[in-house]
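Got a structure for you, written out below as structure tokens; questions coming shortly.
Order of writing sets the chain letters: A, B, C and D. Residues in each chain are counted from 1.
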């Protein structure tokens, strides 16, 4: 379908996000996986680390410094924050960089330092980064060299709220976001808290009042509204692997109703390939989007006057991470935006 | 340990709530299970319906009208609403009635009719009912004939918020409750929505703006505060069987902080056998209370000024249902309140 | 990619198998979904029944008798047994028929009647049916009008054992197959046994000594070996939605070892696009194939002399059902065999 | 109920087995938890490590060497193998020792060394150890100083097969055991393989041909039958936390039927408080015993002549570990055998 394939390197391919980027890239007619990195697992085959990807003739895992960059056109960076910045800032200039870490999301290095506990050492590169919430960034994505993919929670929240904000049907006072996520959001790292026996048949809130996606959401809402924004954000861990649901308890603008909000969303997402307003009354469930790049949204009237409830679901590893990264890369390359992302959700 | 056992009948023993009432009663030294009803399964042994209860010499399931009431002292009613009212209102006067249905929770028959879609036909019996949130109803429970056990969500919400309300550290304006529950809250009835393949690896909100526990919570908060209350209540279904977590986004009273709220809770639950304030910073998880009659609560500062986040967890089938019923019966009988309820949570 | 698309009708599209057939067909460049049937849900949109398929412009559900067959080239029959035979036998002769039910798998109508409790009323059509274990049926599939797709368990068992049988490294005496499956094998029908609260955190064996896939496996092993075969087959239900694992405890032919068996398998599946021998020592897990058309197999030495353990995993809804059906249709149509089936497994 | 309580120390209380021993001991009227050890977590409160046990006034975790042994009567050893032997062999002689590790199960130190990869350094203590499969060890338990609790798989297998062996209805040739377990069998240690995202929605076999419980089962079957025994044993990991099911594919003695086997089991377990024959046709499920000390068994005819299928379920942490340990201690102390173990299973 596409003659000239873009050769990509996936950095950090030994994590869940990296593996899902590889999964999606394998089904993309315009991409070719030219290199994979995974420093602590360099020298191993991808199939040793992820047997589900063992039959695709993938390149073996290398150390980043051993990658031959000449034949590579673009990088999907699936590295931890900190490491990401340090590595991406040293890569050859000809590479397109799509970063899935948190390193280039926050515009203000002070805010970055406050929330991530380290100094940002690539402010010049940061200044060039485009915040890649695809649906709201297309013009900037074309021609960008570095795109910072939003966090998973910000993706769901912003896709739901930006159309409402733009249409003037909500105000940002007293915005309370109660979020729920499967455990892959925490990655493949070894923590007691992520063991099956700890997670199964249980739920709890985490990062009370201090989740790192909060300043990111605040930053983007502030940019969109032109004023400072503070939000309440409480994420919960659920006994499932994939999927993310955000319940946004919003205040309506004076005179506006939940029905107005539905109409605004309908207009706002009408032409989007991946963002959908659910039929009236349907409660979006994470199973509706599992494994896909879709975001499904709905709006409900609240019993409290002048408030509404906006719910959005995504697959945190796809639209909340690897899928959005590839969507961004498609725009950067001038390709059709849903190349490699067309597959329907997997249910059950 | 106790010479005179109280003979009980469990009505509706073929459902999950009934089965858990039987489980707990089996371990209670002061109760003897004298009769079990399950109309559609009358004639069957309990072990046919619940094999995990097959080794305890339980009486077989009968139709309610076939039960010999003379030898029975108390009833645990685990029937659906509507059926519960109709049956309990016809039972002999000597019986103590502990009702787990919704039929005697709402004081106002109009409100009942509005939310449950049927006329209440036992207003006289309703007038005698005690709302059995044990910790707040002990004086009334002694001597009561009929106790209406609270719904599962109201139990968790009220145990968390009443001490704060009483201490004057919160106000009820703009109260947003985002709740999460395992699927046993929906009972054992055959609905496509409750199939494993529908529930597993997914979450969604349900009963948007119209869950029947909402007016119940509003009623009790109004009684406690002396004024009308409207709340926002959004429950979510989680891929787990047991457990309930309520995230209460509350407004603090002027001048009060989250730390004040913690202190108020600490004082309010200090002497309670089943309600506990979690250590500072610990996020209550449903696994902390699974299978037990405990309620675990904590308070967290919110990023929004003048707000706090109060989280409570219970096992919906125990403290939210069968366990609280037995706790109530213990108080009614003048027995030690934790008889039959002392077992520690089951984790993992 | 393909100019002339094949127009298909999916019958029984309101079940899990039908939905997965639709999911896969949507990603197939050579197929166009022209009609969907779902008798009890006729008149509804697919998105009402399966919201995850709500954004694809699918035709609405019809009654089978309302489908206009003229514009349709092939049928994927996802109907219950019995209904399938009755409907497929009345369809116009120009249609290619790929049946996923059990109605055309057993060659002997007496055996069919014994196991399915009803008389087979289409023996003439049955006589024309090809047993569609794709890898072993390619010549017969070309030119076939009706293909009976194997059951999920037979698919996994036969893909693992036929290469060993053909190579002469196993004998079929004392063959013990211990199988495990997720609950989607039981479909979307409303049974108490399939509720989340019944399935979660539990496992049990079912259909002891009498699962309907047993005679099917026996039939195919008998055909392959040229003599009568009896097997022991014990399936277990697991707390998961998708995935199937068969543990085949086999007797080795005199003088043969597990290493011989591995070599035979390696040779037998070398050129297969979807059947893979796992690396030595890797234990196949259902997560390795979830959502994909792959079958992953491995062989292990047994502690008992002259025995080996052969393990195969598939996704029961894909390679065990809808995926294999499309693979068969591809062969029937002379298309590339992995069209529409190339997507990598979804993990986690 | 019991005036003189037995003071116990639980060693290794920071693991799942230790925590379940504490849970059960808390409900035991004849035991008092006097000390808890957890070397790497010494100094912490039990509630920090296991919040579900935070409300019971438990002693804090100590290093083993800091425990004051004078006031202690018995030890529940929940330590890893190796560590267990080294520590238990140095404890004061007045202590009753109930060991849940593998260190004192195998009679032959050579076999121990072969399977556990280390030399056994306490052969004298080993010589005094009683193999504590309670139902088959009561005479020896009275007066024993050291009891080695069986592994979880051996417990389920032996409770099912020993009555059949004793009655002469099975022979041990060609014994194939296909076992399934939840993940708590692997403990709380940090391994990637035990992460929720790895285990959820998947199953696989593990320890192919080489699980350490295999020689233990062989040893006990050899002791019971008076001759050498080799078995095939294949365990599988399931996406659940608790529960274990063993499917024993057995050969019947000449002239015996599955019905004979059922009768033999019925006779063999008739007076057992915790071992039950399921009603005819009921397939034992792990949910039937979750959280309890019960073992539920059934026998089914096999399609292969002269074979039968024997299935047993236990909760691996209770009857397969901590519960059986307490049952053993009860016998050692001359107490009623089900003290502390009477609670009914938790379902759902």
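Operating definition for what follows: a residue touches a chain if its C-beta (ideal position, glycine included) is under 8 Å from a C-beta of that chain, and two chains touch if they have at least 3 such contacts.
No experiment lies behind these values; they were computed from the predicted model shown.
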| item | value |
| --- | --- |
| Greatest separation from subunit B - chain, by CA centre | C |
| Interface with more contacting C-beta pairs, comparing C-D to A-D | C-D |
| Inter-copy rotation, subunit A to subunit C, in degrees (Cα atoms; steps of 5) | 180 |
| Distance from the mean Cα position of subunit C to that of subunit A, given in whole angstrom | 35 |
| Length of the line joining the C-alpha centres of subunit A and subunit D, rounded to whole Å | 46 |
| Distance between chain centroids, defined by C-alpha means - subunit C, subunit D (Å) | 39 |
| Touching two or more other chains - residue numbers and ranges from subunit A | 16, 182, 184, 197-198, 200-201, 239-242, 285, 287, 290, 348 |
| Subunit D-touching residues of subunit C, taken from the complex the two chains share | 174, 176, 178, 180, 182, 197-198, 200-206, 208-209, 214, 230-234, 236, 238-243, 245, 247, 249, 281, 283-287, 290, 300-305, 307, 309, 311, 313, 348 |
| Contacting residues of subunit D [partner subunit B, same complex] | 1, 16, 19, 22-23, 26-27, 47-48, 50-56, 184, 200-201, 241-242, 276, 278-279, 282, 285, 287-292, 294, 296, 317, 342-348 |
| Subunit A to subunit D touching residues, read off their complex | 16, 182-184, 188, 190-192, 194-201, 239-241 |
